[in-house]
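In this document, chain identifiers A, B, C and D correspond to the written order of the chains, with residue numbering beginning at 1 in each.
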Amino acid sequence: MSIEFQSNESGNGTATLVITGDIDMSTSTLVRTHLTDLFKKKQKAIVVDLAKVSYIDSSGIATLVEGLQWSHNNNTKFRLTNLTPMVKDVFEIARLLTVFEVYDSQEEALEGI
Amino acid sequence: MAESVKLTIPSDSKYLCLVRKVLHHLLLERQLSEEAAQRLILCVDEACSNIIKYSYAGCPDLPIEISFSLADDSFQAKIRDYGKQCDSRKIKPRPLDKIEPGGLGTYFMNEIMDEVSYCTDRETGTLLTMCKHLKNELTSS
Amino acid sequence: MAESVKLTIPSDSKYLCLVRKVLHHLLLERQLSEEAAQRLILCVDEACSNIIKYSYAGCPDLPIEISFSLADDSFQAKIRDYGKQCDSRKIKPRPLDKIEPGGLGTYFMNEIMDEVSYCTDRETGTLLTMCKHLKNELTSS
Amino acid sequence: MSIEFQSNESGNGTATLVITGDIDMSTSTLVRTHLTDLFKKKQKAIVVDLAKVSYIDSSGIATLVEGLQWSHNNNTKFRLTNLTPMVKDVFEIARLLTVFEVYDSQEEALEGI
């Protein structure tokens, strides 16, 4: 399985991370590395775009939960956008959909930051 | 009548997507909805991940034997490893109200499947059996 | 180092596309070119078709066990059935200059693979082993 | 595996059969049925469009060889178009590419009939 990352840092302190591929045990450590890199840069807000993630397992969810915890510690906003049906369903089963800040698009996620 | 397909992979996480692909193929052939299929796939993936992490402790070339049986109204996956056995009472999810990483895999399996049972009544390894009734999961019936 | 993936399907031709999908996945992961991959897939498909037609004579729920081993420079498929054995000298392609249907499956296998050998030295059924060196078939090396 | 057929009979005695899907042991009998149906109608020409066939095995080739034989017996033209790389390769290995009348498009196959 291959996974791809595209990150985009705007001048005003927001970063977007677009992930393409399945997030499972073999790829979630790469997601973690990309997230820690962004957190190190002390952004105001990090938006993770999951439009092209059609599969996520518990290791992927755990990685995003870690991101959420870092965001609390760093006073960084941490937002998710464009959840595919499978990803949304997994968040719902885990009862995490309301714990995260989830948006329908990058634009909405970046509004008012 | 249940027909079964068996798949054996090495205990390397790079094969998990092959397992998902095979199961996806079988479930969609049986007219399962995409959502129902993805949930079953998640459970099998989590079970294999746990074998890789715990039973085989990261050793990447030991066998994981998976068999899928699909009957008209039920799905069964049997997953066999030859690694470290453990007390199956110790395999359990964390309480969901504590928001923290980890402990979700077995939670998904128990939440989604109708039956999840670990059997270590053999010389080495574990046989995990997971079942799901499919009455309302079919797109066409 | 060769890692092997095993797949067991019932002897029903509807599972042939699953076999192709699994092998396609494994071969493309290994950077094989699409053309080289399709040729190997063809050989495995033909071998399974012949088992369904001849060894199991159309009975759709008997096992076909397939194992794929991919090393850096070689591909090996072992295909095991538990059906009727036959004299492997009788398994042979027809001459190509007669244009007529049939007799092409074994021709493809012999033409594409470096080694094709049938072993009936067991109580029931046959083990077919096919090998191919992959030196020039990789897209990247 | 599912296979689909779309046949189109023009007024001037030509028929086109578009096949979509893999042609293997489980589907080649369906290809045969569709071909015999067209041959029964005593067309002047039958064109088989293989643009959407990404896999063919020996049973599929055998079926097309049968079609070729029927076409000789019936004095019907029998032409193939739009071979995908895999299908073309299999015809080449079987040394049948020159035995069939193979065209690059339906238009070319129908020219001068």
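Quick note on the criterion: a contact is a pair of C-beta atoms (placed from the backbone, for glycine too) under 8 Å apart; a residue touches a chain by one contact, two chains touch by 3 or more.
Small disclaimer: the values here were computed from a predicted structure and weren't measured.
Averaging Cα coordinates per chain places chain A and chain C 43 Å apart. Chain A and chain B have Cα centroids lying 26 Å from one another.
Once the centre of each chain is set as its mean CA position, chain A and chain D turn out to be 50 Å apart. Residues of chain D in contact with two or more other chains: none. Counting partner chains per residue, chain C shows two or more touched chains at residues 14, 17.
If touching chains are joined by edges, the resulting network of the protein chains shown is an open path.
Pairs of chains in mutual contact: A-B, B-C, C-D.
The residues of chain D lying in touch with chain C in their complex are 1, 22, 24-26, 55, 57-59, 61-63, 65-66, 68-69, 85-86, 89-90, 93-96, 99. Remark: chain B residues 3-10, 12, 14-15, 17-18, 21-22, 25-26, 29, 61 touch chain C in the complex.
By the touch criterion given at the top, residues 13-14, 16-17, 20, 34-35, 38-39, 41-42, 45-46, 49, 52-53, 96, 99-102, 104-105, 107-108, 111-112 of chain C touch chain D in their complex.
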